[in-house]
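Each structure below appears as structure tokens.
Each of the next two complexes has subunit A plus one other chain: subunit B in the first, subunit C in the second.
On to the complex of A and B.
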């Protein structure tokens, strides 16, 4: 995977969280995911096809997503419920959509499937491909989250 | 979603489990998923695009998947580890592939993304679409699992 293909996901994520939730997120250094390290409490996952096949996963810890959704809704969210899952689905869609638009300007056309959201304390995610799996850690005021971008070779 | 589009997923699932793991699975009555009822311990999820956009999720309880993977590997698996996750990724790919081949004979062409596997005791899954979400419960000797097929309208 071309390293330049990672930037659109970083840009889309910071932009979506800033405009939808007024949350400033700071991307750390992307790394190659070697195992199931990215554990979290809520994950949005969406498949992509086209230029190549892949999957995008956004894994939030409880603190980060409660703060993000509280800001989106303008009311304090205290637990991981169905409203949080819906919000993560919407955020995943928006991040995927914005990233795909930037990728399109690079001549890389992707289609997106529909997002699924997994809720459960401390779950782990594995992506089933022999292609590279890039993880991008993000910090926010409320907590941390990780974006994983995996594509077939 | 045309109800006839569900049968290819039932056929693919029973066939893949029988041939890969010598496990007989019995499909129950499909139902419209109204909430996050399908909870499980390991889930394979794969996005599809083409005829319409969608997602397929296969959610196993611990008993069913330990038995299935034990049979696949010819050795007794006792816990949900990385090998189990890999096997679920492979099964998800095969079920998706066989179902898509049968759908193709009905003139419905889908592309598939790459599967992701979520491991974590008793997690819940929500699919973010306003289209129908069909759940198909399956029973096996070792335990139960559920296939969810969700497509945009």
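On to the complex of A and C.
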């Protein structure tokens, strides 16, 4: 996968969380993920098609997502529940949209499906293609989350 | 802005409906109804009149664009202001929405100020 494809997802994630939840997130060093185990407790997955096909997953640990959704709603969220899962779906949707707009400026047009959400400790993240899984870890005040981008070879 | 108007908020994510409702309430709007996709919105429109529709684009069953096209071709609700609030904002999306008669367009993610600004443009 072209390394230039990764930056739009990093930029989109920090922009979406700053705008919607007033949360500052700092990206760590991207790495090649070898297994299917989620690094977080709740994950949003969205398929994209176009220039190439693939999936984006955003997986949050409990601390990070509770802080993010609390800020979005203006009230404290204390546990992972259906409201948190719904919010992760919408955040995934927005990150995908924002990243696709930046990719469009690079001449790469993508369309996205409707996201799905998986919750639970050590759940598996299944990508729809067999390409390399690039993981980008992020840190926030509340906890950590990771973006995974997997595109067709 | 007349804060007594009836507003229909359409989005398949409860999160986004909640955020929009919070913003609208902070702006003084009280008469807000929710629908979770285009077909549910059309059902509500059979029995109710709204002064403004705020809709997402990418929804199951019926998209916001199809909802907009259906409303613009209907007799009764043809001229109701329609604000699209969506993550779908590539050039071809915006062109398609404008051609279908959208009143204005907000790209997700957005600030409360962005929503207020668009409402002022639509409602005066």
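The definition used in the following text is that the second predicted complex is superposed on the first by the 149 of 153 C-alpha atoms of A that agree within 3 Å, B and C clash if a C-alpha of one lies under 4 Å from a C-alpha of the other, contacts with A are read in each partner's own complex, and residues count from 1 in each chain.
The definition used in the following text is that a contact is a pair of C-beta atoms (placed from the backbone, for glycine too) under 8 Å apart; a residue touches a chain by one contact, two chains touch by 3 or more.
Predicted model only: the values in this text are computed from it and were never measured.
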Of subunit B and subunit C, the chain that contacts the larger number of subunit A residues: B
First (subunit B), second (subunit C), both or neither touched by A:150: first
Which superposed partner A:76 touches (first subunit B, second subunit C, both, neither): neither
Which superposed partner A:141 touches (first subunit B, second subunit C, both, neither): neither
Subunit B versus subunit C as contact partner of A:46, first or second or both or neither: first
Which of subunit B and subunit C A:57 touches, first, second, both or neither: first
Subunit B versus subunit C as contact partner of A:128, first or second or both or neither: first
Partner chain(s) touched by A:117 [first = subunit B, second = subunit C, both, neither]: first
Which of subunit B and subunit C A:89 touches, first, second, both or neither: both
Contact residues of subunit A, present in both the subunit B and the subunit C interface: 86, 89-90, 93, 112, 114
Subunit C - residues contacting subunit A, complex: 12-16, 18-19, 22, 58-60, 86-91, 107-111
Subunit C contact footprint on subunit A (complex, rising order): 15-16, 19-20, 69, 72-74, 83, 86-87, 89-90, 93-94, 96-98, 100-101, 104, 109, 112, 114
Touch list for subunit B against partner subunit A, complex: 35-36, 43-50, 53-55, 57, 82, 85-86, 89-90, 92-93, 111-129, 131, 150-152
